[in-house]
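The following pair of complexes shares a single chain, subunit A, combined with subunit B in the former and subunit C in the latter.
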Partner chain A sequence: LHAMNTVVAQLQRRFQDYLVSLYQQGFLDNQFTELRKLQDEGTPDFVAEVVSLFFDDCSKLINSMSRSLERPENVDFKQVDSGVHQLKGSSSSVGARRVKNVCISFKECCDVQNREGCLRCLQQVDYEYKMLKTKLQDLFNLEQQIVQAGGAIPQVNIN
Partner chain B sequence: MGMATESQFHVLAVDDSLVDRKMIERLLQKSSCQVTTVDSGSKALEFLGLRESNESNDPNAPSSLPVTHQEIEINLIITDYCMPGMTGYDLLKRVKESAAFRSIPVVIMSSENVPARISRCLEEGAEEFFLKPVKLADLTKLKPHMMKTKLKKQSEKPSKEDNAVLKHEIRKEEEPSAIEILPLHQDVEQEPMLSNSKRKAMEEVISTDRSRPKYNDITTLV
Partner chain C sequence: DSENGVPASFKVPAGVVHKIFSYKSSVIFCCSQERKIRREMADEVPSLAESKLTALVVDDNFVNQTMHHKLLDRLGIQNDVVCNGQEAVDVHCSGRNYDLILMDMEMPILNGIQATKRLREMGIESKIAGVTTRANEGDKKEFMEAGLNDFQEKPLTISKLLSILHRLDFYVQT
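Take a look at the complex of A and B:
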């Protein structure tokens, strides 16, 4: 039993360190903390569900914006702007800091109808959301290991 | 009419973003509210029982919505500002123009900090303006507004011939005032749902003080 407790403690420590590193590296901001507050014993999958919806959103919006930007002679900047607005909103809601920051630059390129700039931002936002998706999947895996070992998910305070 | 959930507030949340709908739903549940979410202003009106003046065929309209709005008691509407079709502002106007629903407090949420937009919404009767992303702490501002609708409904109940019951009803009406959740500077009388607490939403953005109810003075805020 003592050995199991040590395993749980180790897993909890790994989880905590990993989560803190995601904040420190700028992947996540305070809003992700707010998101975690909304999860409890009754809703243990809430965070995973919401971020999953967010990543689906990213994929869908990036695809449609890509189509709008495709032909240089016929770019629908209004559609792109709408997509960026939605992406900025949802990334902000879940605490996806890097994705949100790219959206800010993206909007600026859109405002001045800079197609090249938009394409660069589109590529960057695609990279960032996929990177975050991988990171969070690792985080959720660590979480699951803790639960399977019979431990509790630590409340991590980010200062 | 069953009032078993009398102690729980029912909030109608409107947002076209699925992510944000999930968020606001959970935020409200965590604040002990019953929640109904819809993805558009027109669906919100349908849910309330109001029909749009130029109602068109809506293939997405759920057929299972109740016909009589009296069965549904909504204590607060919280809506996103930027939505395709009917904006949150349009919805606010429709609610405030409706005799049946104008007493329902409306809160606007927006990801954009535009003072002119905020003041326009408050002028139209919105109780609060929340900047997104909305946090749990923001929702504590909602209780006073929802409590007012409860008070109003209880005082509007027909008084019974029995004095004892009448006394009980008066006590029920007085009780909530003793609860500390009502800020001291708020009026508890039966008047339009205006409060000075909405200033807090403004103070987050601009420092202009707004202390007069809108019907007495038209203050232009920039």
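Take a look at the complex of A and C:
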């Protein structure tokens, strides 16, 4: 029993450290904390489901913006702007800080109809969402290990 | 770690008075007397978990829809979700009514400003709170003038939602 408790404690510690590092490195902001607060016993997969929706949104929007930016002589900046707005909204809602920040620059490029700038931002937003997806997958895996070892997911206070 | 089904982290500061405003979602009340009676009845059974407040989430983004739906759920507020202003109008035409509408501003087909105007023209007196990320003063003014009762910047959180409810005189018991 003592050994199990140690295993759980170690996993919880790893989880906590990892989560804190994601905030410190700027991947996540306070809105992710708000998202975690909404998860409860009745909906234990809520956070995972919402971020999954978010990543699907990213993929879809990035694809459609890519198509709009494809031909230099015929860029639909209105469509791109709409896509950036959506992406900024959803990244902001889940606390995906780096993705949201790229969207801010992306919007500026769109406003001045800078295609090259938009393409760079598109590439960056693609990179950032995929990076976050990997990080959060690792986080959820740690959560699962804790639960399987019979432990509770720690409440982590980020200040 | 909760009392009466309310998570400790969502407690409103002590000393704030709360009552419950009970309202059935599937019936349109046009009689203010009936509303008064229901309010008095509701005073006797205050409970956040049993709140009969209803809301409509109007947003074209799946992530936001899910978040706002869950936020309202956690406060015991039964809620429906639609994808744009036109659907918000349509759902009212079909006879449904809500205490609170959370209205996004930018949506396809019919945006938040147009939908708010249309609902007010239809005589809908529900409280409408505009929620948006685009919040420059001009947009905010135009949105408010369309007929909003309140305005809140996204992203929404539990405490922002509680502020909206408080400002709109929806009282919740903790």
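Some notes on this structure:
By definition in this document, the second predicted complex is superposed on the first by the 159 of 159 C-alpha atoms of A that agree within 3 Å, B and C clash if a C-alpha of one lies under 4 Å from a C-alpha of the other, contacts with A are read in each partner's own complex, and residues count from 1 in each chain.
Keep in mind that, in the parts below, a residue touches a chain if its C-beta (ideal position, glycine included) is under 8 Å from a C-beta of that chain, and two chains touch if they have at least 3 such contacts.
Everything numeric in this text was worked out from a predicted model, so none of it was measured.
Partners subunit B and subunit C, once the complexes are superposed on subunit A, run into each other and clash. In the superposition on chain A, A:A152 contacts neither subunit B nor subunit C. Legend: residue contacts after superposition of the two complexes on their common chain; A:D57 is shown touching both subunit B and subunit C.
In the superposition on chain A, contact of A:M131 is made with neither subunit B nor subunit C. Within the superposed three-chain model, A:A9 lies out of touch with both subunit B and subunit C [touch as defined at top]. In the superposition on chain A, contact is made by A:V94 with both subunit B and subunit C. The residues of subunit A shared by its contacts with subunit B and with subunit C are 31, 34-35, 37-38, 40, 43, 46, 49-50, 53-54, 57, 85-86, 88-90, 92-94. Note for the complex: subunit B touches subunit A at residues 17-20, 22-23, 26-27, 30, 82, 111, 132-133, 135-136. Of all residues in subunit C, only 7, 9, 60-64, 66-67, 70-71, 74, 106, 133-134, 154-158 touch subunit A in the complex they form.
Contact residues on subunit A toward subunit C in their complex (touch as defined above): 31, 34-35, 37-38, 40, 43, 46, 49-50, 53-54, 56-57, 85-86, 88-90, 92-94.
Residue ranges on subunit A touching subunit B, taken from their complex, read 31, 34-35, 37-38, 40, 43, 46, 49-50, 53-54, 57, 85-86, 88-90, 92-94.
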